[in-house]
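Okay, structure first, notes after.
Chain nomenclature is as follows: A, B, C and D, assigned in order of appearance, with residue numbering initiated at 1 for each chain independently.
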Amino acid sequence: MAERFRTLALLGKINHDDVNQTLTSLYQFLKANQYEVLLEERLSRQITCDQQNFMDVVELGRRADLAIVVGGDGHMLGAARVFARYGVPVIGVNRGNLGFLTDLSPTEFHEPLLQVLQGQYKTEHRFLLEASIYRHGELKSSNTALNEAVLHPGKIAHMIDYSVFIDNSFVFSQRADGMIISTPTGSTAYALSAGGPILTPQLNVMTLVPMFPHTLSCRPIVIDAQSQVKLVISAENQDELLHVSCDGHVNLSVQPGDEIIIQQAAHKLTLLHPKEYDYFNVLRTKLGWSNQLY
Amino acid sequence: MAERFRTLALLGKINHDDVNQTLTSLYQFLKANQYEVLLEERLSRQITCDQQNFMDVVELGRRADLAIVVGGDGHMLGAARVFARYGVPVIGVNRGNLGFLTDLSPTEFHEPLLQVLQGQYKTEHRFLLEASIYRHGELKSSNTALNEAVLHPGKIAHMIDYSVFIDNSFVFSQRADGMIISTPTGSTAYALSAGGPILTPQLNVMTLVPMFPHTLSCRPIVIDAQSQVKLVISAENQDELLHVSCDGHVNLSVQPGDEIIIQQAAHKLTLLHPKEYDYFNVLRTKLGWSNQLY
Amino acid sequence: MAERFRTLALLGKINHDDVNQTLTSLYQFLKANQYEVLLEERLSRQITCDQQNFMDVVELGRRADLAIVVGGDGHMLGAARVFARYGVPVIGVNRGNLGFLTDLSPTEFHEPLLQVLQGQYKTEHRFLLEASIYRHGELKSSNTALNEAVLHPGKIAHMIDYSVFIDNSFVFSQRADGMIISTPTGSTAYALSAGGPILTPQLNVMTLVPMFPHTLSCRPIVIDAQSQVKLVISAENQDELLHVSCDGHVNLSVQPGDEIIIQQAAHKLTLLHPKEYDYFNVLRTKLGWSNQLY
Amino acid sequence: MAERFRTLALLGKINHDDVNQTLTSLYQFLKANQYEVLLEERLSRQITCDQQNFMDVVELGRRADLAIVVGGDGHMLGAARVFARYGVPVIGVNRGNLGFLTDLSPTEFHEPLLQVLQGQYKTEHRFLLEASIYRHGELKSSNTALNEAVLHPGKIAHMIDYSVFIDNSFVFSQRADGMIISTPTGSTAYALSAGGPILTPQLNVMTLVPMFPHTLSCRPIVIDAQSQVKLVISAENQDELLHVSCDGHVNLSVQPGDEIIIQQAAHKLTLLHPKEYDYFNVLRTKLGWSNQLY
């Protein structure tokens, strides 16, 4: 096991002082410990290293045994969507605040990281969603999301009419600002702001959370992650252009009449944690559960 | 009192078959009852009448004793913002579904409307909000809203950082998808979808409802409608262009660093209802309060 | 398959006119179709039949191939807790309103029921929870719940201090009016009123929904139904007597210092539905999803 | 103004070490500053003082110029219900955690309290509710509440059927676990846990918050505090005994068929704050508004 991680990919948010410092410090630490370190090409201005060690993320995915990502949860999401495809496990170093996905401290990572590299870690498999847009039965675009896929209008403050089908069974037609389909990983992010439940990470479920539905009776629904969700966009929508956003970054264009298929992606993210990682401890800290109101 | 309403303004959604039918029917009924009827100019294709009786809404506001608006609540909002300025009372004929603002039936309006015209009605004064955008201390734009003013990003799925001040006291800084400031009239519309409370129409309060705040501890706040709300848009926002939307129609452009002042507008809407109007009955019907879950 | 159901158990709410009528009508229909019908003993005043055919519910569980329960969802819950133990499938005839668990119409049950009896049905397995109270490490009492187990104070308006553990990991300490632990079956009942998500029936998860927690940051949590939930009641609680209520009927006494273990029960309920049963259709109808607010 | 407060009433939670210490320290400080100090009789075991200076709370209400209450918000509520009746202003010394009603620090009260006593303070008038129970048209009992009146069942987990009238207009019939009617003062307490909005303290409104209603479409309603709320308890309720609880302490018995009238009480509480008191700062601190989720 100790031999498993020889080639390490190092990535991070660029042009960010605190991240730079952590990246440099990490790089030196890993080299000092005899690891082969590959770097995301955009880091070439920040870290002095053999030119051949810089490469794009896809190449990192092909060659690395483990990816170490420095940044917030947002940065992890982008890395996750790539590394999941190559089966490369990922571990996160947070930028400062505790993150749900980034366990390691930006300054005191040395001991815990070494333990992980030596085989002392917890492994989690987090599934991703795949969102695909079909127009007249033809696939127009698709992407994956570790947190959530969100249907929303291209213009501001326009409501959307759509119908929801689960495994081809009609569920409801709705008028709303949009719809969030979230994984357990995403359940503590945008879906939580929208009133969705917390789903423990290992559950094989997803949750549908309507955004400001024009009815009082709609509630978040949790369904089997093996199910296929289909959103049929009513041809009646005023907007000519809607969007499906994956993890708040990638946007797929949607038109009235399109069908959006959301289902579990083929590849899962392998997420590593230090041995002492405790999901509920992260929840308590992030969500401030010790604060009593009265 | 019976003499009060001699000159009536007639308005409605255009190019809509059902509305057309109601407008024509209303026009004939009012003429048959000897009222002077002025028409919104856009209705000239639909209703045959002396050309001089067609005029724009502002002119209707100057000359009419009472405005009769045919359409949904959305159409009423637009009319309300104009007629409030001229102190002309408004009564609504709904397009089909019961509306919160449109009491009269599109087919059986005759008897109740005649009673209203003869002085048998209930009067309500509904206040409007005025939203004003200041850049470097200078007023850039402003508009009024009967339902709500909404701060939201110009691009989709971008969060906003802003600070809220009430009567110049700092309330909180927040990261959210936006913020709704609603009147009691708007409390059963968008603010309700966003989790805000129902405010009975005569209350002199407004409510601040955050949209998907990035914290679990934020809740709708109800404040005095005499208070001034100031939203200071953080200069840190990524988007170059944000918006304040009034009643979902008028959009004011906002830039990072701008200040948005929201306060009660100078003029109120005078809304007329038939004698038998019952606010709680409308609530019960619209919100489906008779449905029992178990 | 058509041979499977020869001996049928008939149960229903007693001393209720509408239910009586349905029970009598069902009894005659089943006899006319040559089925052996066993009856809950409490029905002996209402239905004329051989005395030996009346027996208690446990005996019905031992002898019947299928139980037909007439009543609301509440009545089904009681029957379910018994028949699950004996592996006897159950089908419900509702008392009037559509129920989540009772599919058959009280007056037009004939054709659909005959199809079920002839082997045309859908089968669902719904798990139950088992709640056990431990005092000083010793089991004091236990019971099962198809919908939910609820921890709450014996006296009114007293809050409870307790800690929650999942699979022996500490989750949080909380001050609240109580805590609901719900199955997917119960997710559309009390847990929904308390703000919990809808869980589709086949999911192997449960949800923890705090009741009026004294913090704003607590949210419903969905966890694996294989997990063990432990509630440790703080010795500090003022009330001398708390309760765990199963399906709102059975009450287990709890004292400060006790531990409550909630986990999946050994036996599942087998629930039969007519072929055309559609869970989402029941949801739409019961929850009034067609009502649009604006 | 400096002369206004000569005779001070001192009250506090008894048999509580931290409170004792603060009370003793306060007593000595006030005596040293030449104030006449009257003490609640239950403090006679803790504070050594002339016997004639101990008296019951009602007598304190008759004789004091200002009441100083040491304890949590709960303790303030009890004092408030008495002192409001006598028009005696109240100031709170909190027991440790910041309270919504108790501004002064238990250890560093000296300087701010002296300023208050010398006339440097902010004055707030907080209204109370009066809840009255009528049986067959006859008043059976009544009490006042600074925070909220709560209708709930005497037994656990029993739902209640009741109808709500506002100023004798029917609002809705509902099946729920109960109903909270809250003042602005109470809006950050139990009503907030139940999903009610925050109402700024000076508003002349109250809010009706249903507790776990058996419908998805019911929402908190904010109404004029001059309105009269009437809850008519259905004669159909199974429980023979229900309760109306005032501020979580006083319980009024209610039977099926009773009418509960809730309206503004005749007397208001005069609450004093140090000059630097800032309501929104208390909100931010108590509700943890600086915590960002992501």
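Here are a few things to note about the model shown:
Here is the rule we go by: a contact is a pair of C-beta atoms (placed from the backbone, for glycine too) under 8 Å apart; a residue touches a chain by one contact, two chains touch by 3 or more.
Owing to the predicted nature of the structure, the values given are computational and were not obtained by experimental measurement.
Over half of the residue numbers at the interface between copies chain C and chain D are found on both sides, making the touching surfaces mostly the same. The angle of the rotation superposing chain A on chain B, based on CA atoms and rounded to the nearest 5, is 180 degrees. The chain with its Cα centre farthest from the Cα centre of chain A is D.
If each chain is reduced to the centroid of its CA atoms, chain C and chain D end up 40 Å from each other. Centroids built from CA atoms put chain D at 46 Å from chain A.
For the pair chain B and chain D, the distance between C-alpha centroids works out to 37 Å. The set of chain A residues touching two or more other chains comprises 192-193, 214, 216-219, 287-288, 291-294. Against chain D, the residues of chain A that register as touching in their complex are 73, 97, 100, 188-189, 192-193, 216-219, 286-288, 291-294.
Residue ranges of chain C in contact with chain D, taken from their complex: 150, 152-154, 156-157, 176-177, 190, 192-195, 211-214, 216-217, 243, 245, 248, 251, 287-288, 291. Across the complex, chain C meets chain A through its residues 166, 169-175, 192, 196-200, 202-203, 205, 207, 214-224, 278, 280, 283-284, 287-294.
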